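For reference, the structures are reproduced in the following blocks.
Across the two complexes that follow, subunit A remains constant while its partner is subunit B and subsequently subunit C.
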Partner chain A sequence: MMKQKHRKKEPLFRISKNGFVPLYKAWAIRIGALLLALVVCAFIIYSITKLNPLKVYGTMFQGAFGTNKRMWVTIRDTMMLLCIGLGLAPAFKMRFWNIGAEGQVLVGGIASAACMIYLRGKMSATAVLPIMFVCSMLAGAIWGFIPGYFKAKYGTNETLFTLMMNYIAIQLTSYFVALWENPYGSNTVGIINSRDKFGWFPPIFGQMYGLNVIIVLVLVVLIYVYLNYTKQGFEISVVGDSENTARYCGIDVKRVIIRTMIISGAICGIAGFLAVAGAGHTISVSTAGGRGFTTIIVAWMAKFNSFVMVLFSSLLVFLEKGAMEIASRYQLSDYVSNMIIGIILFFILGSEFFINFKVRLRQRFTKDKSQ
Partner chain B sequence: MKKLFTVLFVLVFTLTVVAFNAEAAAEDFKLGVILVHDENSGYDMAHIDGVKGAQEKLGLTDDQIIFKYNIPETEACYDNAVDLAEQGCDLIISDSYGHQSYMMQAAAEYPDVIFLAATGDTAWKEPMENVANFFPHTYESRYVSGIVAGMKLKELLDSGKITDPYVGYVGAYPYAEVVSGYTAFFLGIRSIVPDAHMDVQYTNSWYDPKAEGEAANALISRGCVIIGQHADSTGAPSAIQAAKDSGKIVYSVGYNISMLAVAPTAALTSAQNRWAALYTPIIEKAMKGEAIPKDFSVGYANDAVQIAPLGPEVAEGTQEAVDAAIAGIIDGSLNVFDTDNFTVKGEKITSFLALDTDGDWTGDTGEAIEDGIFYESKLISAPYFSLRIDGITELTNE
Partner chain C sequence: MRKEPYLEQNVAIRMVDITKRFADVVANNKINLEIRFGEILALLGENGSGKTTLMNMLSGIYMQDSGAIYVKGERITIKDPHDAYSLHIGMIHQHFKLVEVLTAAENIILGLNETRLIDLKNVREQVKKICDRYGFVVDPDKKVYDMSVSEKQTLEIVKVLYRGADILILDEPTAVLTPQETDKLFVVMRNMKAEGKSIVIITHKLHEVMEISDRVAVLRKGEYIGDVLTSQTDPQKLTDMMVGRSVTLNIDRPEPVNPKESLVVKNLGVKDINGVKKLENVSFTAYTGEILGIAGISGCGQKELLEAIAGLHKLEPGSSIMFYPRGNKEEGEDLAGQSPIDIKHKGVHLAFVPEDRLGMGLVGNMNIPDNIMLKCYDQGKSPFTNKKKPRQQAIEIIHDLEIVTPGLRTPIRRLSGGNVQKILVGREISSDPYLLMTAYAVRGLDINTSYTIYRLLNEQKKKGTAVIYVGEDLDVLLELCDRILVLCSGRVSGIVDGRTAKKEEVGLLMTHFKEETA
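Right, the complex of A and B next:
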């Protein structure tokens, strides 16, 4: 009896860190999670709407790929999300929590819109695009540099700092919207240069969004190479793992932080350029549209691998387009579709836990038998 | 006999085919509607009601109408307009002013689809054939709602409960549609209480319940006793009811929907649009493949505007005054913007150019004043009365 009293109560679940998980197994878990999410959503869809869930999923697919135009809009938005994700990857890999992509995209967008408005008639339509590209990149880089500098120099909290920078960027955008509003008093800029399309991406192979795809895919390769095969990329991962180790190796941590944030901001600035010149041809506080936050999921789930990011950004955009179509087709409020997105993301994010950790149920009788 | 039979047969056959074709055309017809908010916003609800009213009259099925809710006045509007066109819509309607430029962009890419931008003001100068604007004579119902407010104001003054005929107005944005509306409201009040004066507080949003409530409270604390609104939520009437419940003398005149649900004692009435009166003829024309006028605007005479049921605390004789005003508007004896009834900086207005052709947003053509009367929504459907008349002060946030 005494012995039993001393026996420690075993928890119901035992969680231990998984060692090496083979790639196929990790992906099997992820896909399993996705399927499970779809099943759970099916129950919810049916209980709320009494619609056939399979039909609803079919509608989602149509929403994203139903027509040629829709497919290109899906591709365009995927590229946009991917571009911001590529911007976040270096910062996050360095364990620098850049929550400020939203603002970095916006200032990039403002720079592009300013070029479209003020340079019109002063140069040719092809010459202005590289200028817009550089201006947006610089604007984003400055927006990234500021929190990077303060973190390196004064050790400020980058999460709060970058977050605050978003609000400044949003206010700045409101200011420019009021400055450029068209018509006066409407509080919207409207489509910029809708007649001569000055500063718009030219169609490539007849595709309006062809250039978006080319620019972002080039960035995908560049970032992949930069993070995996360059000295600077190596420095980023060392700083991310341990600043002390980095210092011990003789890496100038401050320099790496500032440099990486400039790069991160610059790529987000390019995303702003894509949003204004290559997609919306306007500027508003919703030009970034919360993508700066959504992409954090993309960057993390892909573990900063830019090729895997293509996959996750496609998935997120697909879900978004599909959910919108459900809301429109079945006259549901878009809250229902957001619920579906939420559930699917919850399962996919949750699956990472099961990849990284082993969960075992308490085994009741093992000890008793040994006694 | 045989010949007659053949002729008859051919006749019947042809008519059947024609009838069948007409029916087929109506069955193929598809309508897309882009709404800036959803049914929670009074303005959008009025549009949804309008579309549904037209649907019932014209016998369209639910499958023939695609609604897109909560579409902001950004590139999202273009994306959705294109998407509706791709889904085979023959007519696409947007309900908010800021949608206009995105609708025009989509119209350029889909010349076979008709794009209708409500409250818009640029279709008349577009070379494209497939764009149009429409808007009801909201200024008429605003004027009539002003009469309801004026009657109440007079009652309060006569009974000695107040001494200052001070009116407030919660406006969305400082541009013609809003200016035209509050001026009509004010002129309605002043037709009953000639020394009334009014302050306008802007919220810089079409739909922001909190900001509208705050604006109403600010106006109440300045001493306003009746507060009108050109903003799409119930924020202001709710705040006014709360202030009234706490003992203040203050009443609300709403917009779009009856405010009695949120302000059971404070609401006097609301100015309302009956969009179905506009949608039905426009959609019918589109279904028949007839040309749609570039600008379409009708008012009380066509049952396109009205005021909401009167609240419990309206002054005695209000209904009679309202009926008289409506009759006057319909028979043309009452003109809301009669230049005898208002001044700008102390002077009577004799000329006003309403239309802008060079893109600087100030009128350079289109004389709006004829025989001493400013005709609103006649040259184009969108309101263009943007004069700031004496007796009204626009408050700025700064």
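Right, the complex of A and C next:
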């Protein structure tokens, strides 16, 4: 009888799938999650540090946007993240797990740095930029082509393949760092062409990072149009959903895989160009700095919509900058700021669950009809 | 609420006001159903009418949103399949839930949470006992991957019985069986009934309902319509209940007009990736204005045959597929060795409704216009897709075939199987094909939709299209097709005239070679 009684109990929560959720409602849930995350963080900040949470948030904001320079650094880093995300979007939409953005960015960076070093004095500073652009794009494209080709031809696992390509790129970077070492013995390349700024992005509208913004925003539009309105974009969606369907309706699956990976790699290569010519003016193994992995979150959270990607990459960079600021301002360890980032991301990712599913509490039996 | 005491005694399961929603769709709306001891209840309904959903709530796959379930008079909650087993309810699903690499006996005890060491010898004995009692044949040591579909199904039933089920639910059990296998299944079902077990059978085939069931309960669009004793009804009445209006149950078969050779297949051979022969020495001719049926037990090469013609398989040397559009001898094309892209670019109007709708014919995550666009997206020189025409076409197909969809933007994986199939057939037919190949075009479809599809095929036939229809329901094949080609283990075991052939004759060809063709 015990078992029977136990059986009568309904589970506390009922989870069922949500149907079509209107856009405003989905965004209301997301923003609600963000606010909730801030409240939870406030409690944690107060209980650990006894600081006024509002003040801490204010500090975070200042860290990201406090001065003109900070704001532009935030924008610059957002553009970088966004650019890599745009590169990943076509591959992921094709369900090709390209986790090799890190390497594709690095080889793009190497190509740019090589142009800056070897072409100096051979042409004008304006002429070299397009060349650098093309070279880094090609380098990234090659880095994307290789795993794409092997996947298409031999069915290799692209996750492992692209991951391993990262290590090759890192080693390659180490080699070039040693080759271009400056000053001798520093084990770094140093700031390349710091005197004449050959191969550096020129300021646009008086802003040092203006060109970064323009290039990436143009890419945002291009990728959006490419994925949603072109025949090639359509092929990517079909291959991503079902290769058999693609074959059935006469799509050359192998060609689509290789082509898409070339595009994906090329855009990541452009990100390397931005990192070297438009931001760091140097090359090192940390030029990509783990962004190739961070952007996977950006691409997926935005569901490959490049305009939504702008939002998520801004959010991630804002959190990173803000957290760094509170860590240094209040002399907290990095872990506290990482905790805050973690909590906020947790809530935002978790909100997707509440958009896709309905949760109801257990209901009482109204009346037992059999009795 | 009925309270007749004698009735209550007889009732194994009573479902009261069961409602289940999936997102915006009400799959079951306040359904009341009772299952009695010692009866075979047929659960009948069109696609998406909620039969499987309702039964899944008994087997612990889903939980109802509201309503109550009483088993043997006691109110219970079934949270998971374990609860169902402990209530002696067992379900045999349409898609078998077996582990291929394990033996029959291992599959039977899988998931039983025995704390003791597994005593396979004991299991074997018990399995044998069950088999003897009801007339099953199961080899406990046979691996599942070596089993035929019918053996797998038997194993599923034995598995459920081993767990002590006395209420059995079979979800479309005959869909994958030959007529002979179906007869065997029915014998076993009658034996189980005689033992006092309750059996619920979900099926679309009315003649089976009439043959096996004691009582029929009908669902329509998630609502409970009512129940009747089988002895007091007939297929026509049941259909009317299911569809909600009168439907004629006759399939047209117009005489082929001026048939000309349209597709001449010679010595077709196909091997799968492992080098196993899937088709061997297949030769036949399909004529314009004719429906050529293809019969065979599942996995006998029907799928490969159509896919080979569509260019999706590598052919063995010596294969030839000559295609004459509209029977025109001068425009003959050899399709052998051509890829789907080549075939498309040749302008050969070939339409193909593959067996796997969402896995091959359509893209589940895309909406209807995009799925229509699949076939024609690369027309024109512009790098951009033209969504206007497919959209227009989608609206026409939705209207013509009465497709039920929340809107043009809904991804088609959210639609019911019948609607998905209509989109696929609609798209293929709208391309005005010279050759139309359909694989299991009506599998899992309800009567009404099935008849719509037969009508569409006949329309194509009258237009002079060569139609190839791979089917599993022999009754339909014999009613619809002009000729029937029977495949047995990848070879042609006979081609019979659809107007004169007997069901038994075809059934025999499906399993055996005739002496002269062997």
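The rule we apply is simple: the second predicted complex is superposed on the first by the 353 of 371 C-alpha atoms of A that agree within 3 Å, B and C clash if a C-alpha of one lies under 4 Å from a C-alpha of the other, contacts with A are read in each partner's own complex, and residues count from 1 in each chain.
We adopt the following convention: a contact is a pair of C-beta atoms (placed from the backbone, for glycine too) under 8 Å apart; a residue touches a chain by one contact, two chains touch by 3 or more.
Every value quoted in this text rests on a predicted model; they were computed, and no experiment measured them.
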Partner chain(s) touched by A:130 [first = subunit B, second = subunit C, both, neither]: neither
Subunit B versus subunit C as contact partner of A:22, first or second or both or neither: neither
Touched partner set for A:206, first subunit B, second subunit C, both or neither: neither
Contacts of A:70 with subunit B and subunit C, given as first, second, both or neither: first
Greater residue coverage of subunit A in the superposed arrangement, subunit B or subunit C: C
First, second, both or neither for A:237, with subunit B first and subunit C second: second
Touched partner set for A:331, first subunit B, second subunit C, both or neither: first
Touched partner set for A:279, first subunit B, second subunit C, both or neither: first
Where subunit A meets both subunit C and subunit B, residue numbers: none
Touching residues on subunit A, where the partner in the complex is subunit B: 67, 69-70, 73, 182-188, 190-191, 194, 279-282, 284, 286-287, 327-329, 331, 333-334
Residue numbers on subunit C that touch subunit A, as the complex places them: 1, 14, 16, 21-25, 63, 65-66, 68, 70, 73-77, 79, 83, 86, 310, 312, 339-341, 343-344, 352, 354, 356, 358-366, 370, 373-375, 377-378, 383-385, 406, 410
Residues of subunit B touching subunit A in the complex: 38, 66-70, 72-76, 78-79, 82-83, 86-87, 97-98, 100-102, 104-105, 121, 173-176, 204, 361
Contact footprint of subunit C on subunit A as seen in their complex: 3-4, 7-11, 14, 16-20, 229-235, 237-238, 241-242, 244-245, 247-252, 363, 365, 368-370
